[in-house]
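Below, chain A partners chain B and then partners chain C, in two separate complexes.
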Partner chain A sequence: MKSATTARITAPGDVTSFNLGLALPLGVAFAIFFVLPLAQLLYLSLHNDTAATVWGLGQYIKFLTDPFSLAVLGSTLLLGAEVTLACLVLGYPIAWLYQRSGSRLQTLIIMIVLLPLLTSVVVRTFAWIVILGRQGIINSVLQSLGLIGTPLRMIYTQGGLVAALAQVQMPLMVLPLITAIGRIDPNLSDASASLGAGSWRTFFKVMLPLSMPGIIAGCTLTYAAAITAFITQSLVGGGQMLFMPMYLYQQASTLQNWPFAAAISIIFLFAVLAIVALFSTLGRRARGYGDAR
Partner chain B sequence: MASVSEAKSLVLDRITHRFASGTMAVSDINLDVKGGEIIALLGPSGCGKTTLLRIIAGFIGQSEGRVLIGNDVVDALPPNRRAVGIVFQNYALFPHLSISENVGYGLAARGVDKTTRNKEAQRLLDMVQLGPFGERLPRQWSGGQQQRVALARALAIKPSILLLDEPFAALDKNLRLDMQIEVKRLQRMAGTTTLIVTHDQEEALSLADRVAVLSHGHLEQFGTPSEIYDRPQTLFVNTFVGTANRLKGTVMATDAGEVKVALEAGGEIVARAPKPVTASNKVTVCLRPEHLAFVSDGSGFAGEIGMALPLGATVVHEIKTKDGSSIKISQARTGDTPLREAGAPVRVAPLAPGLATVFPE
Partner chain C sequence: MMLDRRRLLTSALTLGAMHAFPGLSLAQARPLVFATFTGSWEEAHKAVLVPAFRKANGDAPIVLDPMLSVDQIAKVNAAKASPPIDVMLHDPGPALVAIGQDLVEPYPADKSTHFKDLIPEAQDAMGPAPFFQVVGLTYNPETVKTPPTSWADLWKPEFKGKVGITNLNSTLGTGWLVEIARMRGGSEANVDEGFKALEELKPNLAAVAANPGALATLFQQGQIDISPGNFNAIQILKARGVPVEFVAPKEGAIAFKTTIHVVKNSPNKELAFKLIEAALSPEVQTTLMNSPYLIVPTNTKVAMSGEIAKVLAKDTAELKKKFVFQDWKKINEQRASWIEKFNRDIKI
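Take a look at the complex of A and B:
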């Protein structure tokens, strides 16, 4: 404490070392509980046999040459893309509405948006099973209205899963969008209109590019959350659809093939990182990224 | 470029607007602006001038009345089809577009091809003396330069009406004068009918051909700067534009627009009455500090010096009258203008009879 105070007095410009000191507790926790296990995972994945005694790239070769594994990876990334798109398309109007509402309506919108985060993921997921099931709310309503004869198959379908995941991840999309849209000067859309641009032109030429930072942040968060949502994927998706988290779980827990599970983790990690990198590159490409910081 | 003869007129016909909350924003505003004129909408904040500007631009639909641009009623047209150019107080340049793309934005919206657009943007940037810098982004510029870009952007669509919303409020004083001259020059070149919204009376009086003074949503007076300053029609105009001493008095006699008033401060003065008053009416007399002089005869009214303020080019004396009001008198400073001692008894009278104005209470 004393030395820190002294350092501040003698060298007021040098605050870097002081700040690093403050970051130390988190840094240590991060190293022990994140970097170390990750390194262990990498170490494990570089072995050819289940007992992890023979070094080699066998697990990676196995995954990347196996059509089944690649299909699981592909469908997981596709699921993420679908959920992200659904959140963006449904979330943008909500964020837009929020910025144009009075304070009371704003509170209500925020409450509704945040509600999924305040309930347990298991409860939320079972709620979706109740809603989407064969004898679920939607089917019984449609049947009693005479709109359908036999129940629709919604649970255990990709569509049902996307809907459930989109609802759960919606706050991750809407909150960054609200921030980004709120930073746009309202005069800009008036200026655009006065210069002769219609509402669609104003939206695509002014509002959308300027809300890009929020779109990028929202998409990144939603995507990462959707593809790793183990519980929702398993319960709403059911047994027929296999995604990376479940695949990984089966390999590690059921088959006890730890090196292969580790390799799946590493591949999955890099696939996600690649997508995130792609998002932020797109964001930097879209001009205005630097403005609405 | 539109020549002055093509410039469109603007008519506000009994414009009234109530906000959703029921508050009256503007009430029964009539303005008849000739093509090519510069008009200032002058008033304190909350007087309805910005509402009026937004009605003309089409951002707000007025509750009653009509807006006519060049004899066409435009009430049904959305903002993007009114061809009204606006320079916003904060300029509202598109931060993600270059200066040149900002200026060309309106042309792009009109489907003008890129080559023509860039050429026109370049011509306008040359006109506002930012020619070589079209590729830069707006945030790399100072306020004055951003304003030039905003002006070029608004003029690029060859607007029938140009609206400027407090255009100089964000600029520092030295730059403000330069930009006022610049705006006037560009407006003369383009010949566009222009409306400036401002709360700064000097700005209104120096830039505008005619000034509309607004207060609490009402049009107080619409006239040339000299009419506004020299022949104010209401007490509000008299006190808001320029400075005015207010003295209370009673009308003694009236005679063809001129009235004789007995002041509560003692003495009598002859004043102009823009609104009819009759004998024995209680009135407020407005006298501008520069229209008063010290006199040695028995005219005017008596008082004693409160404080002397040498303000450079002028000398201002504060005078306490017998009824306790405080008035100011300002004189041009010549080499030997004496600063009077506090407490010295003086008599003060208007320089000419018509320079005092009375308003009924």
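Take a look at the complex of A and C:
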């Protein structure tokens, strides 16, 4: 017994190695509740008929050769890009401000950023219906100022949807940005300024490249959340704007065409994976760019 | 017994498993499980149907497990041999799917007390209809001064940018499309005229909602002033103080049967039958017809009264005259291609 204890003390485990055992519970849960259903989804999608008895690639061919389905995929990916861009442009200054504020203001900013996360997405979405509606806040203000005669149509339009999604997903962008900008040594911008760079030059040459990891993380999160936001898409976007989640729901739920719905999910999954891979490649290149300067 | 760590952990795991999978400890006898719909249906069934069933059957245990038709079908399909649900409730479309997939028992009409009292449309051998859902015209009485009388009123120029509809995902949206096709000479087998009519409706359309529930929000926000709507949904809005009125169009209000079914291989067949009997009984249907539920009865022995008598029909004879029933078997055959066409063509 004594020798065993001494042996353990004298020969500590390699600190760089790790024990897989600790990851086992989560790993098993993942395998059962994520990998297995995904495999089932793939299996289902490889059938040509709704009863899933005839094997074939028919569902994929149907989707990939149908201009309408491809347009739905395209408009979904575009919607994600618009929302991500809006979040980035609006969110970056907030994260910037956070790093340049005193601690009391920082608490306030973090509160304001996190507040939307504390209410359900359904509540936030309904708030946007109230804001954008025909008798909503924006229309009544514009009308009382005499700027417009008849109310503008804002809900059930792409613009309204982008605005609502951008607000709903904003915390996902701002939080990683705050972390990334916080890691930048404030002396760097001073150094840049003392070497004669203007504030815009400092921003584009120093701050932006160094905050790139946060931008990439924020964009990935916002993008994935925006394109899959079934509730906001259907409540603010309406029934005539078709995006992938609603298309999927329609096929699976209303039409009970599970193999086609499964194929849609798999295609959607790969499209999103491709975008995420693109983001992380950009991220790696940007890191190299940041290191080089 | 030594209480060491290992033994404690094992007991904890066992307890946890029993909690997570209650089926382990419940050998065979489980209570009757009734999958009703969520929302106002659940409220109505909890308050009226369940107590009536308990009273008639010596406090037999029953559990309400509210979920959408589609989920009911998926759950029963996943465990056909020992289904987790005993009684299902369906709209016409999903009912045909459930019957087609062999998930339901024929209803034992010969030993039923109430089956023969139902109006003929409700006497379905695979599962009777205890209630109707009724779709007519909904409008905002504050902005629409002369109440509409016909589906055709939706096309009037005065409703430019004021009309709301739903897409074809819902029973309501699909049923309505069939009805406007019929108005112009089409049928359940041919809705081309309906699509032409939709095309002409575009200048009037303010919104195509993703589901009937969203129409309610649009009324509340003043986004739309007139739309096809579900009688029961409108009553709920009215009770909340939203200015909406329901009117049955002269072409006839669309009536959807909500059918109730005994699930095949259910371990509680007898109790399931008893629950359905309670749902068909004039007593339960009368209570559910009155405020605040206002659910349209199918039993001819129920005397119509209240709001339903005022707005819809005074008795079953008038009800049959004013209601239009649709052939969902025919509708289901082509629904997929209609949804596809709607997806492609209806952009505003």
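In the analysis below, the second predicted complex is superposed on the first by the 269 of 293 C-alpha atoms of A that agree within 3 Å, B and C clash if a C-alpha of one lies under 4 Å from a C-alpha of the other, contacts with A are read in each partner's own complex, and residues count from 1 in each chain.
Operating definition for what follows: contacts are C-beta pairs under 8 Å (C-beta built on N, C-alpha and C of every residue); 3 or more make two chains touch, one makes a residue touch a chain.
Since this is a predicted model, take the numbers as computed values, not measurements.
In the three-chain model built by superposing on chain A, chain B fits alongside chain C with no clash. By the touch criterion defined above, A:P209 reaches chain B but does not reach chain C. Contact with chain C, but none with chain B, is seen for A:Q250 once the two complexes are overlaid on the shared chain. Of the two partner chains placed by superposition, A:Y92 touches none, neither chain B nor chain C.
By the touch criterion defined above, A:F268 lies against neither chain B nor chain C after alignment on the C-alpha atoms of chain A. Legend: residue contacts after superposition of the two complexes on their common chain; A:D185 is shown touching chain B, with no touch to chain C. Contacts of A:L195 after superposition: chain B is touched, whereas chain C is not reached.
Of the two partner chains, chain C is the only one touched by A:I155; chain B is not. Applying the stated contact rule after C-alpha superposition, one finds that A:V130 touches chain C and leaves chain B untouched. Of the two partners, chain B and chain C, it is C that touches more residues of chain A. In the superposed model, chain B and chain C sit 150 degrees apart as seen from the Cα centre of chain A, a figure rounded to the nearest 10.
Between chain B and chain C, the shortest distance over C-alpha atoms in the superposed arrangement works out to 49 Å. Against chain A, the residues of chain B that register as touching in their complex are 57-59, 78-86, 88, 90, 92-97, 105-106, 109-110, 137, 139, 153-154, 156-157. Against chain C, the residues of chain A that register as touching in their complex are 68, 126, 129-130, 133-136, 153, 155-156, 234-235, 237-240, 242, 246-247, 249-250, 252-257.
Every residue of chain C that touches chain A in the complex is listed here, in rising order: 68, 70, 73, 97, 161, 166-170, 206-211, 214, 217, 221-223, 335-336, 339-340, 343-344, 346-348. By the touch criterion given at the top, residues 185, 187-188, 190-198, 201, 205-206, 209-210, 287-288, 291-292 of chain A touch chain B in their complex.
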